[in-house]
Structure formats: structure tokens, C-alpha cells
Amino acid sequence: MPSLRADQAVQRGPAVRFVADGCAVDAFEGESVAAALFAAGWRELRRSPRDNAPRGMFCLMGSCQECVVWVGAHKLPACQVPAAAGLEIESLDFREQRLG
Amino acid sequence: MSGNARSSTACDAVVVGGGVMGCSTALHLAQGGMRVALVDRGPLCREASGVNAGTLTLHMTRAALVPYAMRAWRMWMDAEKWLGMGVLATPVPGLTLAFTEAECELVELRARARREYGAPIEVISPARAREIEPGVHPGLLKAGYCDIDGFASAYLTGRAFRHALTAAGVDVIENTPVEGIDSGDAGHVVRFGAAASRPPLQATRVVLAGGVWIENMLAWLGVQIPIKVLVNQLIITERVRPVMRTVLSVANGLLSLKQFANGTVLIGGGWQGEGDRERGGVEARPENLVGNMRLAAYAVPALAEARIARIWLGLEAETADAMPIIGDVPGVPRAYVVGSAHSGYTSGPFMGRIMAQHILGQQPELPLFDPARLLGMPMPGA
Amino acid sequence: MAEAPPSPIDLLVIGAGPAGARAALRAQACGLEVLLVDENSDAGGQVWRPLPPGFTRAAGVRSSAEAMQGDALRDELSGSGIRCLFGHKVWNVGGSLRTDLIGPEGVVSWQPRALLVATGTTERVVPFAGWTLPGIIGLAAATILLKSQNMLPGRRTVVAGSGPLLMAVASGILKAGGDVAAVLDLASRADWLQTLPSLASRPDLLWQGVQWKALLGRAGVPLLYRHGIASVEALGNEFRVHAQQVDMTGAPVAHAAPVVFEADAVAVGHGLVPGTDVTRLLRARHRYEAARGGWIADADAQGRTSIAGLYVAGDGAGIAGAAAAGAHGELAAVACAHDLGRLTAEAHARERNRLLAQWRKPARFGRAMAGLMALREGAVAGIAPDTVVCRCEDVTRAEIDAAARDGARDMNQLKAWTRCGMGPCQGRTCGDVAGALLAAHVGNREAVGCFTGRAPLRPVSLAEVAGDYTYADIPIPKAAPL
């Protein structure tokens, strides 16, 4: 799949690998986790509460709360989490299943 | 229409105040054959009755009010039958928790006091409590257990009552502030503010059901009874995975916790914010938010990660002896008052029913709470 | 909660975008002790978003005018010595203007003498069938993705909605090597031509618009005026986008032939809504002005609200565009400096007149753009009954209409009866559209009001607020009566 990253105008920072739901995701340091997951083809991040409909990033400015993920003990909008080496992300469903 | 002092509508009873007490009174009066008007300065059940924690517990109810709360519990659980619409009332067991020796004593004391009034509360070991509620803090020392407990979604109350009241033929007058009541031998005339452009309402009987504003309403009738205003803080979380399955409180009375079917957790306990009856709830006190949240996250450690979605305030009424004010307005014929039951939502529907029974000339199922006792009674700490 | 450091703050500015950052600089120049806070990692707001840390501009590539403005602002700020708290979210503000923040080290509170809210806007998207599908993002969101993350929304994107962001996103996608399946604009060519007089002072923007159109023309991108999205179907990882012709109110034109586009991404936005979280929380007076984005704090030309010490500036005070925002921020800063006694009436008058003159022309352009972005009632009327309106709680249009028929007359009653607005976004995403739906029943937009402002302004966890503690640390007020 051709990359969604547009490198015409920028030089990205160092390549990093982080873990999301136990899977390795390749990204560049400083990108938002939401964008990095999106570029990796991971568009669905959670399910809506009543209709169980798939949801993903939407506003990209930390307002809509659609892209929330777990980062350790913190639930944060993925669009406001910078990708870093060794970061461990869990989607809401994944953590809920893990905790049983 | 304005300037015409002659009232154009006459009814058997006008109920002033559309919270759960007023709504229930009006509904039962109408079902008893009276022509009833129900007035509120806002929409129905949007003050305390719509914003409280919806706890239907006996643990935190005044011991002497247990028989009332037990009957009201049944009414809430059956709301769909007599209101036509429910408030998602959910029966679950209730645990009141003790984390210190002093709280253990409180648990025993409070259980005993409530058992005397018929509450099926037993004191259980921490091991048994953990079987019932696995998510509770491992440092639990003792708990009071009651299988008659549960919760409702208070914000659904207005819509539910509106349906039933309209179906019963009650004239529901919302968003219409009352300016005063003129009482005489011919009955009562309820006057509205000029902005309402509505003629005064003539009624044989008047029922004051204004919650914290009962003090103002009694003053319209020339009666001075102080009503204390509590400004309760409430916190609701986002939807979280199932972390609890009972209604929880702490023996010191400062925590109420429940998780709704939609996963949100409601944290209450009567921690005080800023506000008064003129301005309503104004803002939360940060130190009291911290205290309430610490208690919640201590009782159910899995809550620590939960994000808060909203914090709000509700005004609760309390009389000088912390018991309800339900009965005849002293010195004013055919005027009644119903309210201030402290945890009034829990008992509300039943309090309205017995108020209506009294007004209809029937024997109330349980004794009322004579307002006259409060005349001249000083408010503690005033 | 953590104690704030001892030095007193005169002015706390929330938001380090064009308005807030310029306000902070001007306030400092007037001798005020300033604290500037922003949830992002650096200044610039949405419109001048910095590159992520670690990214650099490619050698030999000329920065855009916008990028240069943003970099210049950030340089000026860091050289000014103004105390900045980046990466901090405001979660509560008290009546005393005490501001509670959450940052990397936990919660912290500051008590300023005055507060300037320059929090900008959020995006409005009028719902359509399929709008919640992953891969459908906002127009402003697409702008952030392109300019900050340097990423395409997809290989082939439908760009739809209204306002100046349409062309900016479409051309941004093309320049970044992506395809644009179509541009669907609710506006007509005539609507755009009407904004030309306001562009008289901005030949650079006019030229940019011409260049963007030419770029789209060369790429053969269909540009459909008076068209909107009727629905989007997901087909595996692709979308089938059903476009429909609309009238000037945004309502679907009956019997018009539908047009279908294949794409793997949709960027859609119907304007910007001023952020009034803080001013609503503080119960400042607000008024509804559709042409300025919707509900705004009732403020004078210098940003003074109905609450003493509380100021608003920038698009969050009513959309007037980024170019006007800086002057607006400075107007609020000098008004505050005067109100705090640091500027004489004469000096204030001089500054105010100078800044008002600076503000006028860019504001005229910004307001013309705001007009293009204003909510169109027909577009709201065209929302199908089973379409989700409140994303957080899955509340459909049908449920909102049912509540209105049952007697809901204001937003808070709507919220109580349907849960619309009770979710984590606090009604920021759905509020304007839900308000328009309710107002259609009630007959009056102002009468339905807005959701009551409540803390937290952004979600915070119990652990973050509670901090570290033992049971003995919990302050126990008096025990409940027996």
C-alpha cells in the first residue's frame, strides 16, 4: 500500500517503533499516534457505545474524544500523544478484553 | 388580560413546585378525582429531582424514614406501571463500607437503627462483602449489607412524570414563575410574574412543593420556617468497563457510588460546593472534589483510571431536625407543604402519595411530619 | 492539588494561537506579569501548528507564508521570556478566575488577576449517513494532518463542505502527491464572488485562491458548487460517496440526479464554531450570531465580557480569521492593562485606536469567510432521522425530534431526555447542529440556549485529580445524621 506520508516538504525525525494492541507499529518520532496508526492502515480505534459502530480519529485537535486510547494508566486522545520508541498503546476494547 | 384581578381558572388544588414531590402529589390528587394544576418556574424535575445521584438506598436514609423509603423503592421499581415510563430503576444490593475501627462501629450502629424500622440490613465480614462486590478495596474491615437497594437515572424523571401527569388530566404549567399566593376564606389565588402574562390561578387548596424554596413559599403565606440549603457536588465518569455491581456507600455517609448499565459511574456523597437558593449551584469547591474522588478511588481502586465526564451541583433541602416537612401549613387553611425529606428522591413518590391521601381526606398509609413542630425551632449552627 | 509558585500573575492567557500569543506579548510589553498556557507542545494554535518535534523543513523547500508566520511567532515568544506552560490542559476555572490545569507533573492551579480566553474554534460537521465511519475526518482535521503531520487523509479523497478550508485542503492534498476525487461545495460560485470586495486588501490571498483553482483544474478535479454529501457507504477499505445537489439553504434539491464518487477518504467540514467552554462555565453572558459561528460571549470590541477580569479574543470570540486574531488579542491585552491600572486612559486610547485600525481590514475578510462557513438551515433539515447526531452517545436525529415533540424546549432538557451532549466531548461536536434541530421545533435559536458549561473542560482521571494519598488524607467533614 503506498504510503500516506508526504515527505516533499519535510525531513521527518528518527524512525521509531511503538506497540499498539501488542503489534509493532513503525512511525517517526513526534508524529501523533493517531496519524501513525492511520498511516499504518489502522483506521478503526474503538466502537461506539450503543450501536457498536466502528470509530476512528475525527477532529485531530483533542476535542471530539473519538481517538482515545490507553497509554499506561492514562486514557488520552491519540491525536495528542506523540509517537516515541517503546511507547505501549492499547485500544479501549483490547484493554477491556485483557482485563476480563 | 393583564390588570384583571379576577382569576379565570379555578381548580381543586394547585401544586407549586414540579419536582418529584410536587409531581407525585399532583398525580395522586388527580387520580383521586381532583382538578389539579401543577406549576413550576422551569421545566418539571430539573432541580434536585433531576440532578441527584438517584440512589435508592436504605443505608443512607434517616432510620425513621426507612419505612417510607422501602415503599418508595417499590414505586420506583414499578415506575413503568404507574407512570407509563420508567427511570431505569435497577435493583441491586447495597453495601455500606467501613475502612477504620470508628467506621466499623458506625456500621453496627446504623444497621441496628435501621433494622428497628424494618430495613433488612445485616453486618457482614469483608470476605463476604468481597464475594458480593469483588472490586472493593482490600483494606475493607466490615460492611453493612442490604438486598433492598438500587438506583435510578434521575435525569429521566421529568419526562416520565410529564407523560403521566398529562394523561391524568393535570394542567402542567412549566416555565412560569409564581410571584405570590393570596390566601383567604374563599381559597387561594396564585399570582404569576408580569412576564408570564397569565391570569392568577384560583384554587381551593394549595400545595407547596418547592424543595429548597419552600422557605420562600411559606413566606408568601406569612409563615416563617427556615429551610437549610445543601449544595451537593456530583461527579459522573465516562463509560468504563464493569468495575462494580452494587450501590456503595461509606459508613461516615460521605460516599455514594454506583455504576449504570451504560458503564458510567456516578460519585456523590454530599460534598459541598458553592451556591445558594438565589443563584443555585455556582461552582464546585476543589478541595471537596479531591476529597470525594479520593474516597471513591479508595473504595473501588479500579476507578482511579476512570476519566471524569462532568461535575455538577444540586440543591438539597433540610429542616432544623433533619426530618421532612409534610402536612398542613400552620395557620393557613387548606394549604399544605411537602418536602425536605433529605434524600428526598429516594422517598419522593411515596411522600407525594401520602400527602395526596391526606388532602383527599383519606388516612395516609404512614404518618406525616407536622410542619408546626418546626415553628420557632432554631436551625443548628445558625 | 499542587501549589502554584509564589510570583503573582496579572494575566493568564488560555490558548497560544495567533490571538493568545500576540495578547501575551502585548501584555508583557505593557508591564503585566503574564502566564500563557496551551495544551499543544508549542504556540501557533490550529492555524500555525508547528511541525512535530524532530521534523525539519526539507532543504530547498520554501516555507509557506503561514509556516513563516508561525515560526516567527514562536521565535518571538521564546525570545520574550514570557512564562509558558505548554502541554497543559485547563480542566476547571473558578469564579475567582482561579485556573486549574493538568500537565505532565499532575494538577496545578494558578490565581491570576485577569483571564483571557483565546481558545479558538472547533469544527462543525453537519451529519450525513455514514459520517461516523473511520476514514472520514474533518476539514480542519485534514488541514492539521497535511500541514503538521505531513500526511494524506487517503490516496483518493473527497473534499466536501463549506468555507475557505475546502480549497486549502484540496490543493494541499494535490501538492502532497494525493488525488482528490471531487470537491463538493455547499456554496455557489456567486457566493464566492460576493466575498471579492473583502479580499481587496489581501491580493496575496486572492492570488493564492486563483492558484489553487488552477491546480485543481490542471489535475482535472471535479469541483461541484451547490453540492453536499448525501451519504457515504463503506465498501471494504473504500468509500462510495453519494453527492447531492443542494439549494442555497443547504437543503437537498428534490429529483436532482445523484452523483457518485469512489474514494478511500473523506474530508468534510461545515464551518467553525467558537469555543465557549470557559466562558459558559463561568456563566458569562452569551449571544447567538450565526454569521460569527454561533454562540459567542457577549463582549465589547476589546474582548471585555460580562464578567470583570474575563476577556475573550480571536476566533473563539467570533470568527474573524487568523489575520485579525493577533490585533484582537492585543486589543484585549491593552484593555486588560488599562483595567488593571497599568495603562493610563490616554495611552490606552492611543493603543486601542491603533489596534482597531490594524484589525478592521483583516476582520472584514475573516468575516466574509465566516459567512461562507455559517450553518445552513437546509443542511440541518436534510439530516435523515436515523443518522447519528451525537457521536459520543449514538443519539439520532429521530430521538432529538421525539424529545422536541414531547416538550423539550431547551438544550439542557434535550440533554436530560436523550443523553445528547452527555458524552466525553461535552457537546462540542454535536451542540451547534443539535441546537439547530431543536430550534426548528421551538422556532427560536436563542431560546433553546446552549448546554450549561460544566467542569471538567477536558476529561481528567480521578487519579490525576486525587493525587497520591492515604485514607487518613481524605478530609472528612461532619458525619451524616443517623
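In this document, chain identifiers A, B and C correspond to the written order of the chains, with residue numbering beginning at 1 in each.
Just so we're on the same page, contacts are C-beta pairs under 8 Å (C-beta built on N, C-alpha and C of every residue); 3 or more make two chains touch, one makes a residue touch a chain.
In this text, all values refer to a predicted model and were calculated from it rather than measured experimentally.
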When B-C and A-B are ranked by contacting C-beta pairs, first comes B-C
Of all chains present, which has the mean Cα position farthest from that of chain B? A
What is the distance in Å between the mean C-alpha positions of chain A and chain C? 22
Could you work out how far the Cα centre of chain B sits from that of chain C, in whole Å? 40
Separation of chain A from chain B, taking each centre as the mean of its C-alpha atoms, in whole Å: 44
Residues of chain C that touch at least two other chains are 423-424, 459, 461, 463
Going by the touch rule set out above, which residues of chain B reach two or more other chains? 238, 304-305, 307
Which parts of chain A, given as residue numbers and ranges, touch two or more other chains? 49, 73-75
If you look only at chain C, which of its residues touch chain B in the complex? 1, 92, 94-95, 100, 109, 403, 406-407, 409-410, 412-413, 415-417, 422-424, 426, 452, 454-456, 459-463, 465-467, 469, 471, 473-477, 479-482
Chain A touches which residues of chain C in the complex? 39, 41, 46, 51-59, 61, 122-123, 132-138, 140-141, 144-146, 149-155, 175-178, 237, 388, 391-394, 423-425, 428-429, 458-459, 461, 463-464
Where on chain A does chain C make contact in their complex? 2, 4-14, 28-32, 35, 38-39, 41, 43-45, 48-51, 53-66, 68, 73-75, 80, 82
Chain B residues touching chain A - in the complex, by the definition given at the top: 238-239, 241, 262-263, 304-305, 307
In the complex with chain C, residue positions of chain B that touch it: 43, 46, 50, 60, 62-63, 99-100, 106, 109-110, 113, 139, 155-156, 158-159, 162-163, 174-175, 237-238, 252-254, 270-272, 274, 282-284, 286-287, 289-291, 293-298, 303-312, 322, 342
